[in-house]
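Next up, some structures in structure tokens.
One chain, chain A, links the two complexes that follow: it is found with chain B in the first and with chain C in the second.
Showing the complex of A and B:
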């Protein structure tokens, strides 16, 4: 057994929530705002359907092979060599996406807070901290998330409360002026954040109890949906139809906060939320890469390859794009389809083949 | 300055090796191989990127594969 730690259903939900929210909270309002305008607060609701579907499919796949992860059962489902090819593609996707996340984090910190620090220092130190937590194992990651998430939630609520007096409720009208279509268009890109729930596949075999897995997974999707609806609604009520002109609407919203000329510069709280969230997000992806690689190569232990993969991760974070503009263009055009293929289409195909195999085996008997 | 960056990359790789190598058992041959290949590969890639920062990377690969779909969301 490679992973000795065990986590509970609640801990799984707590690990998944920031994995989706961390980057979504900053980027989604601008992206849905571009397509959905004043209906952007409806978009996360449509997008969450992709999340529910992903969790459901991951659980069905898991029920076919309860002890194995996707790296192991893909070989059993579609044969040894095709399974290895699928596994390699998946590892490449995870490494690439994690590089993108790390780069986004670096660009955000450099762009807003530390303009003269080289980006490699910021991404490198984050990768190092994440490497330590991944080396500790899934249980260590779950426990650190358990400590950080209440802080994360409290800070988010503080921002929301402080923004309340600035809101202009009239911005929400007219609701569904052009029907339902714009809000669905605004959901296409954010739905790919929800399919990141696919990472549940790497945690399911290490759950302590088998009950309530579905409930915790779905609850996590609901929590993400509510958070994103609130974020989008607040950006909309604050900025109206100029939301999509900002790169990070939530950041600009926090700059607005000014209570009696006394409480200012609250954007540092957004920064704290972002660092905590990205730490967990990068760790979860990183963990999936490391355990996936170890299973792909049939190693007996995943810990020796944690640091070498961290090195690779830093390389990818500088390699993915030449500039922030190039990166955000990639993220809003090609990435949704790329993510869809690996996070939803691939598990669905695996599930269909597994089900057919089971049928065929039953018929033989 | 480029030689300093290369030196930095090599120093990090050496530090990782010094930390991990003694922790692996004699009979963990496969782990040692995987570790060596991954570390060497990363160092080579990093040094290449120091000298050719515009080398086409993973994003260009994915871009060329998914281009027809990407056009749908262009706005």
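Showing the complex of A and C:
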């Protein structure tokens, strides 16, 4: 067994929650707002359907091969060579996406807080910290997430409470003026964040108890949905139509906080908290890459390849795009389809083949 | 070749030291003169070993051996020498061994057959009697040496709670535990550590509460130690830790018997070491290091509030100086304008950037603290006056540091002393310096990265198999009762899960005091 640690269902949910939220909370309000306007708070609800579907498919696949991850059972389902090819593609996708996430983080920090710091310092330091936690294994990642997430959620709630005086409830009307279509359009890109729940595939074999894994997976999706609905709703009530004009509406919202002329300009604190979320997100992707690579190459231990892959990760974060503009263009055009293929279509196809194989085997008997 | 020979030599040397030399293993001779010669050779140039030759009842030759200052000489005279020397004719009929046994009025006697047993008994302060025509000696439990009186522990003071602390003598310490836990389930196993010091180390646990694998693990880790001598339990601590490179202590060192007692009752194992008042408790968690024994003696509401105060000041002790640097260097906008103006005004004269200022002051503070620990009482006041000048008004008026800086350093210093365990406070204080450097290079982001690294490290740590951050991560809601808050005693019905799972319940439930129930 490569991974010796075992995690609980709650720990899995706690790891998955920031994996989705960390970048979604920054970017989703603007994207949903662009298409759905005043109905943007409904979009995460539609988008979450993709999340439920992904988790359900991952669990069905997992039921076929309870001890294995996708890297191992893809070979069993579609044959050795095709399985390896699919595995390689998946690894490349994960590495690429993680590079994108790391770059988004770097661009955000450099653009908003440390304008004269080279971006490689920001991404490199984050990759190093993530490498430390990945090296510790799934158990260590889950435990650090358990320490951070309560703090993360508490501060999220505090910020929301502090924003209450600034809200204009009238911004929400008219609800569903053009029917349901705009809010569904606003859900298309965000649904790709929900398909990131596909990473559950890499955690399921290492759960301590097999009961309730469905519950915890689904609860995690629900938690993400609620958080995004709240985020979108507050952006809408605060900014109204102009939400989509901001790159990072939540960060701009934090600038509105002003309590008794004392507690103000808290966006640095928001950034600091958000860094924790990014840390978990990058770590979870990173872990999937490392354990996937180790399984793809049939290594006996994944620890030796953690730091080399970290280096690759930093390089990918530099290579994915030349500038922030190019990056956001990539994110809004190519990436949704790219992600859909690997995070939803691929598991669905694997599941279909696996089911057909099982049927065929039953018929043979 | 030379290298190879040397290595071989080193190996044999090691084996020699490990095993007692062949001469000592020889069984005792029949003739007293041979025995005496052999023992005199073993104790060559040991002027404190007393060889007292005498005759039993004027007939049998005998020899009494003991080390001056380790044995009770009055008792030897009264209950050993005088009955034996005045043995009458009728006694002479008996064998000399039985005669000695019948005449000597000492409770703890033991037969010795070999020279190594002899040496062991004598080193432990037990006099040995050897008689002619007998290859069996008798060791007498008459050890007695100067002991320090039981005093209140200096490093762990309490307002309410027992005032006695452990001392350097092992038997006194075990008696203190035995007085607190009178059940025979309290087990005290003894082993010897140290090639030369032969220090006795006691593994203490309560049978049925402590995990058997834990006891085995402690025993194997202790047996693995092969060193010249154990000077203090800190030496043992470094040999049995899970992660030797961590700045955080993974063993609780305490000189308070009440802390040891409560740990034993939670299913933990305690290691008592001869020659030091500090005993080691394993396994521990970070939260148990942040708790004071007094938390359990005070009213629970106050204890909960104190605990939260301690958690808050833990964060302050770790982060306040680095937050100051980060805010002044990168995030000035977060400081309210009026405060920023006054801070800028006080920093105007200071020639250093915030980082240098903070490092200067923090290092000075650490130096003062270190000097204060070792200070002779007579010069104490002098240093504290100088210290107050260095970190205080004079430094500010000289324009070397700013006034807010002095406040920051002072609060940080106080904060680090609110942590009840000295070793934990030390770890936090040392980690402050890398945090300051991170804050100076990356601002709040650097602080966050530092905090993440520390948490990841804490999440990897284990103390004898128990996760260091439990019960927060992995999370056990029931045990939050004794970490996030201090629930009243009648609510703490279960032992901590990871150490006391064999015997879950420590008291019966439903003991909440209620005046109505009293009237029934």
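Operating definition for what follows: the second predicted complex is superposed on the first by the 365 of 365 C-alpha atoms of A that agree within 3 Å, B and C clash if a C-alpha of one lies under 4 Å from a C-alpha of the other, contacts with A are read in each partner's own complex, and residues count from 1 in each chain.
Following the convention adopted for this analysis, a residue touches a chain if its C-beta (ideal position, glycine included) is under 8 Å from a C-beta of that chain, and two chains touch if they have at least 3 such contacts.
In this text the structure is predicted, and so the values were computed from the model without any measurement.
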After the chain A overlay, clash or fit between chain B and chain C? fit
Considering only touches as defined above, state whether A:325 meets chain B (first), chain C (second), both or neither. neither
Using C-alpha centres in the superposed arrangement, which angle lies between chain B and chain C as seen from chain A, in steps of 10 degrees? 80
Once the structures are superposed on A, label A:309 by its partner contacts, choosing first (chain B), second (chain C), both or neither. first
Counting only touches as set out at the top, which of chain B and chain C does A:298 meet: first, second, both, neither? first
Contacts of A:63 with chain B and chain C, given as first, second, both or neither: neither
Should A:275 be classified as contacting the first partner (chain B), the second (chain C), both, or neither? second
Between chain B (first) and chain C (second), which, if any, makes contact with A:338: first, second, both or neither? first
Look across chain B and chain C in the superposition and give the shortest C-alpha distance you find, in Å. 15
Which of the residues in chain C come into contact with chain A in the complex? 330-331, 333-334, 336, 442-449, 452-453, 455-457, 459-460, 467, 469, 472-475
Show me the residue ranges of chain A that touch chain B in the complex, using the header's touch definition. 34-35, 92, 96, 99, 188-189, 293, 297-301, 303-305, 307-309, 311-312, 315-316, 318-322, 326, 330, 332-334, 336-338
Residue numbers on chain A that touch chain C, as the complex places them: 8, 10-11, 109, 113-114, 117, 121-122, 125-126, 129, 132-133, 136, 139-148, 261-262, 264-266, 268-269, 271-272, 275-276, 279
Residue set of chain B touching chain A in the complex reads 12-13, 16, 19-20, 23-24, 28, 30-32, 34-35, 38-39, 41-43, 45-46, 49, 53-55, 57-59, 62-63, 65-67, 69-71, 73-75
